[in-house]
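Working notes, beginning with the structure itself.
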Amino acid sequence: MNYTSAEANILVQALPYIQRYYGKTIVIKYGGNAMIDEELKRSVCRDVVLMHFVGMKPILVHGGGPEISALMRRIGKEPEFINGLRVTDAETMEIVEMVLAGKTNKGIVAIINNIGGKAVGLSGKDANLIVADKAQTEVDLGYVGQVAKINPGILVDLLEHGYIPVVSSVAIGPNGESFNVNADHIAGEIAAAVGAAKLIMMTDVPGIYRDFSDKSTLISELTAAEAQRMIESKQIDKGMIPKVEACITALAGSVERAHIIDGTAPHALLVEIFTDTGIGTMIVP
Amino acid sequence: MNYTSAEANILVQALPYIQRYYGKTIVIKYGGNAMIDEELKRSVCRDVVLMHFVGMKPILVHGGGPEISALMRRIGKEPEFINGLRVTDAETMEIVEMVLAGKTNKGIVAIINNIGGKAVGLSGKDANLIVADKAQTEVDLGYVGQVAKINPGILVDLLEHGYIPVVSSVAIGPNGESFNVNADHIAGEIAAAVGAAKLIMMTDVPGIYRDFSDKSTLISELTAAEAQRMIESKQIDKGMIPKVEACITALAGSVERAHIIDGTAPHALLVEIFTDTGIGTMIVP
Amino acid sequence: MNYTSAEANILVQALPYIQRYYGKTIVIKYGGNAMIDEELKRSVCRDVVLMHFVGMKPILVHGGGPEISALMRRIGKEPEFINGLRVTDAETMEIVEMVLAGKTNKGIVAIINNIGGKAVGLSGKDANLIVADKAQTEVDLGYVGQVAKINPGILVDLLEHGYIPVVSSVAIGPNGESFNVNADHIAGEIAAAVGAAKLIMMTDVPGIYRDFSDKSTLISELTAAEAQRMIESKQIDKGMIPKVEACITALAGSVERAHIIDGTAPHALLVEIFTDTGIGTMIVP
Amino acid sequence: MNYTSAEANILVQALPYIQRYYGKTIVIKYGGNAMIDEELKRSVCRDVVLMHFVGMKPILVHGGGPEISALMRRIGKEPEFINGLRVTDAETMEIVEMVLAGKTNKGIVAIINNIGGKAVGLSGKDANLIVADKAQTEVDLGYVGQVAKINPGILVDLLEHGYIPVVSSVAIGPNGESFNVNADHIAGEIAAAVGAAKLIMMTDVPGIYRDFSDKSTLISELTAAEAQRMIESKQIDKGMIPKVEACITALAGSVERAHIIDGTAPHALLVEIFTDTGIGTMIVP
Amino acid sequence: MNYTSAEANILVQALPYIQRYYGKTIVIKYGGNAMIDEELKRSVCRDVVLMHFVGMKPILVHGGGPEISALMRRIGKEPEFINGLRVTDAETMEIVEMVLAGKTNKGIVAIINNIGGKAVGLSGKDANLIVADKAQTEVDLGYVGQVAKINPGILVDLLEHGYIPVVSSVAIGPNGESFNVNADHIAGEIAAAVGAAKLIMMTDVPGIYRDFSDKSTLISELTAAEAQRMIESKQIDKGMIPKVEACITALAGSVERAHIIDGTAPHALLVEIFTDTGIGTMIVP
Amino acid sequence: MNYTSAEANILVQALPYIQRYYGKTIVIKYGGNAMIDEELKRSVCRDVVLMHFVGMKPILVHGGGPEISALMRRIGKEPEFINGLRVTDAETMEIVEMVLAGKTNKGIVAIINNIGGKAVGLSGKDANLIVADKAQTEVDLGYVGQVAKINPGILVDLLEHGYIPVVSSVAIGPNGESFNVNADHIAGEIAAAVGAAKLIMMTDVPGIYRDFSDKSTLISELTAAEAQRMIESKQIDKGMIPKVEACITALAGSVERAHIIDGTAPHALLVEIFTDTGIGTMIVP
């Protein structure tokens, strides 16, 4: 594209936002349809590379539900969920890990690098980034884990050298075994551990509604305490719960702002960052 | 401003250009009407600050003709020019230096810093940045000098710490005396000395014309050798000569591209950098 | 274990070898049965962690043939080979990548980290480590590639911070697509690119035989030129050819010594490094 | 000069003083006749360069009263003072800035560099070094300011690279406008902000007198509290008040000692530093 | 030596111990017969070099009693001791220093360097490492001193560059004079000053006995408080007292463990470090 | 001492010389009577500390003839010389080393540190600084060596951290044994190895005479080639030969100037450095 004066003017309007986040770490939970649609994927990755080149330090965290079930079915294994959590026997865990760390993760890395970024894909096993314990659930779900500790050293080292870390939601257990951990939770824990300035959760809906059935009740800002109460009072939708929990975790660390946005909206990341009002729902401490 | 998707899209289009000049030094000869009109000044400075924040290392070089003559007249001294060069007796030199280093330079610095950059104003005396000898001219012009040596250390040190150097066209002589040196020539010499990727000369015309009277003959690209021949054959206009000479000097160093652009066009700097075709006239080695 | 004097004496005997390789990079092509047997895997990884802690900088490179075919069969796809090379259509490539980068790679990483090393798993996509072109073969093999360029920056950065890089044999093409590249060749190219002191190829046989049918003809040392002639004269066995080619590539770089050893022998890596005579076959420039 | 043994002996006597201030920052308010007489200027600058080369980190701060009034008169404008403060309308401010930042400052820089130092001239606008607010005075004095904040980063960066900063007493306001601020006050604020070991105020008198009319009452040492009481009781002369205030400001920071000396005495700076008893008046916390 | 698999296995067993002390400083008081027997000396030095190459940071401290008395007798001077302390007149002090700093120290340095380490010998005078005052004793013992201050800077600088410091027990007094200080005490003070992880005192006995006459009462672990009580109740043997005091001093600093071992046992240092149970007597805070 | 203006003026006269040698390494062969007379020793050390604090990097090299013979006689051993070289059997070598490394070296170190420098004493054994072979002489002289290799790393590391290295003329042989090497030769070799700007040989005579019997024939400057010819033609006095050879060695490296001066003249070092004409005899490449 060749810029005209009018377009150049749009560039300089970005200056206050660029200055605000210069040198700051921003953790992005990448997920939903924005991770399925090829064109959307490329668009999100380009937004991330731009963030890097204007001085921010983005970290991407992703899961990858649909692709896991697809591969399971291809080898003749029916996915099974209890309370929204995947029943993860040893064979399933192996498939989860192959899909997340081998396919989804490297796919994102390849797109970013093709655009001109320098992405490095990590799973929670790399440098013991994400250490997990077996999740305590009513029914035994197998290799479903919960974060016990984040070792953020590898993220800090990579960011310092100008790399964009892309993290898949596989964790390492105390004996080196693999655990399937909710990617939303991982994003929140990582944001807290690296002291991110911002956590952005990409979903397929515009944000949190005071009344989910009434689209006019989208909440633009609420506090962590209010969010907690909404979870407890079941005002928050099931699929949204781990996302809001991740925000609360991050804010309990030193993260300043957490956002839930619709990742399928074009350039949602940039629109969120390059506006005063933001989009979606912002949760503050 | 709050960005829409469409505007965010314009941002990401800048990515290839940002990547191309990431970490590269760009010397800008700031001059002409873009240095007089208050709104234009602020606009140019904002462009420069943006360049800094997207990873480029801009250095500004400026002269300041009209303001010098104005102060001279205020103290009852009539400016005098021979072959376009200011006759510079000791008293005039003092005025030149006060205006350039004390007023014009600090004025630019203040605007940049007010926008959020970290500019540091320098004259050629600071850290012996620009060492000059008396210019060899037919008629004695007094303290008119020509560049003998650039000591770029202070520029390198400031850029490394994230400052934007703003350099006024006053040089230091072998005995610590001041010299009035053509700012275009200084820009060319500095670009060569710091190994800039690009030199941009801001003027009040769109570029070099093959035939100045025919506005359709604007040259978009030519080589240094061709430019040299056009000077020798007097095809190039008088006021344009030092600008073209500066470009030739820079290219004889390791500078890759030199540009002559119309600094009064809105966001001319950004439009030049953020397009494939560029604007104005580009001179290549 | 509690050391006795006799055992401590064995430790100090290692001193000359430790000193010789202190601070030196050693590339290890990990493969064969040593990558299948669980106990052997753990033993190899422990040897590698020891190498790290006594001052060497090991880099592991691995492929993973049998596991790929196994997963292919599980989804009902019959592996096909032409001249020993896997026919790799898009679906196969996806499986190759999931197995290598998602399972084999992270499995090795987890073992090393469980022992107390800090391993980081990489595929050739990460930071564009291994760039490949489509391999030129008589029959079209699909996504089978050959190394076009190694970008060793990420390896250097990780080694500098004390990480042990583990590299899977997946490469990135010019458009971000995946390529299946022979892991032996990758090991040779990486050894050359990082200026390793040593390349060690782990196989399931004791080394190169002058006459493969006569086990008494094991060659303990030969030059790259001799090795090249043995390939040309077909004295070298088919499966051994890429290993020997990798050694020749490495030696053509600045690698000092390349070794082909039997990785199934207990502590083969250490025995190779901590002896004057070495084991297996050593190829020298 | 060629040193004899006797003269060399004088050099080594300096050792205890050199050791005491090795690596320490010393802020010098340069002013009075020492800034007017050409020979004295050169002598002071040589003393400063020597201080640099024997391991101290000098920062010079200067104003420039007489030269400002001279230029004002040359353009037909009569200087006007109320309570010793210059009435500073916009036109006057412009002249103040041109003289201080363009003439006085660069003049000092040129002398230092000619002697072999590496001086860099700064005004309070450079890197927002000195931020000021409009001074609160009974009568509106226009652009007369008072220090709101010192941003010492640029001083630290320059000192670290071996430069000698020379600072003129022009400050930047919240909107990028210029303010005329008392140079004594600036020296005190800068000394406090950089954690100087010593602040030296150069004047034209030997120090503070208990009774100004009786030259035998020169005070060699007093505390900041005593100095404060002398200001309040009007025992301290009008012109001396800002100098003493600057000392009190500096001492309220972490500065260890503040001195008021006669800058016209030959090598007054060195005599102050290279003696146990010092000269002039020393104020201590 | 060429390693077999069995021997390589012994190497890898060392891994947990190597990891535990990686990057940690270990102060070793070298003394007793291990410093007399030539073969034992070489063996100890080899152990120390191994410790360095597997990532520890050893510092050796030594005295040298018997050699001092031998040289004294050669020049016809009879050694004299009061309460186990050497009467040290000026002439004796000169001999002490020549032997310790000139012979014993450089002898150890030469052995270590011959083995492939990079040792640097220091006395307490070098960089004012060990500052002493005259010891307060009932009878005047001359130049017998006690540690007043450790300046550990030179040790830190040398360790950082990979050198092995070897320190002789000569200290510097307030006027630059030499003092003979107990080497055990110096080792304890240095361990505390550098924040060592471990202090190891080499003696000629297996450790501390609850009842020295009954070899079955060797104490394997006791606290600093218990050790203090044993000194006070005279349960601890005279020669052992300064060693135990050194341990107590070290533990009062941040040293984690102090050990008294029999330095004449083969590879005693390594056996102490590379076992869980340790040898000799361990004193803990 | 309290400086007067006149004395301060003498300080600033030193500026050009200080600037010339700022950051440069200067190797000083310390010897002759300047190393015997206590007052002179203190004076030389003070000169060296001053050199350090005004930005030079001095390295002292010393031997110590008379003290060695004195100790030998005290133990009843008569010193023996052949062609001016000490016959050095094993017992003598031990004495040489004790005196040089244990007494003379630490004595100089203590004086420097007492004055406020940070000296570190080294022998050629420390970090293998001076490696020697047995000298080839007609008669076997025992442990008399000649320099085989200088390993200047430890000198560079110490200078970088602000230490003043003091080197005694003991070298290490291929098997870790000690060698007695001429200190003049060592000084020349070290000057060459560290790329010193200057080598200064302190003697007890004013320099080289064209005719030693005629004091009016002192040579102020000559070239290395001329000096070589004077050695060959035996115009140069025996004791002076190793000093002149050392100068030639240094100049054959990258040393710019070598000087032979009378170290007993007060402040001879400073007078040499702080004059244009120098004192004594200067040898140039």
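First chain written, first letter: the chains are A, B, C, D, E and F, and each begins at residue 1.
The definition used in the following text is that a residue touches a chain if its C-beta (ideal position, glycine included) is under 8 Å from a C-beta of that chain, and two chains touch if they have at least 3 such contacts.
Everything numeric in this text was worked out from a predicted model, so none of it was measured.
Engineer: In contact with chain B and with chain E at once: which chains are those? Just list them.
Structural biologist: Output, common partners of chain B and chain E: nil, no chain qualifies.
Engineer: Could you tell me which chain lies farthest from chain A when each chain's centre is the average position of its Cα atoms?
Structural biologist: F
Engineer: On C-alpha atoms only, rotate chain D onto chain E and read off the angle in steps of 5 degrees.
Structural biologist: Resulting rotation angle: about 120 degrees.
Engineer: Per the centroid of Cα atoms for each chain, what is the distance between chain C and chain E, given in Å?
Structural biologist: 45
Engineer: Centroid from C-alpha atoms only, then distance chain B to chain C, rounded to Å. What do you get?
Structural biologist: Computed from C-alpha means, the inter-chain centre distance equals 55 Å.
Engineer: Which integer distance in Å separates the CA centroid of chain C from that of chain D?
Structural biologist: 68
Engineer: Can you check how far apart chain B and chain D are, centre to centre, with Cα atoms defining each centre and the answer in Å?
Structural biologist: Each chain reduced to its C-alpha mean, chain B and chain D end up 34 Å apart.
Engineer: Which residues does chain F have that touch at least 2 chains other than itself?
Structural biologist: If we look for residues of chain F contacting two or more partner chains, we find none.
Engineer: What's the contact topology between the chains, one of line, ring, star, complete, other?
Structural biologist: Chain contacts: single closed ring, each chain with exactly two partners.
Engineer: From the touch relation defined up front, give the order of chains around the ring, starting at chain C and going on to chain E.
Structural biologist: Order of chains in the ring, chain C then chain E onward: C, E, F, D, B, A.
Engineer: Taking the complex as given, what residues does chain E use to touch chain C?
Structural biologist: Interface residues on the chain E side: 1-5, 7-16, 18-19, 22, 43, 46-47, 49-50, 53-55, 115-116, 265-267, 270-271, 274-277.
Engineer: Would you pull the chain F residues touching chain E in the complex into a rising list?
Structural biologist: Spelled out, the residues of chain F in touch with chain E are 71, 74-75, 94, 97-103, 105-106, 109-111, 113-114, 118-123, 125-128, 154, 157-158, 161, 163, 170, 172, 175-178.
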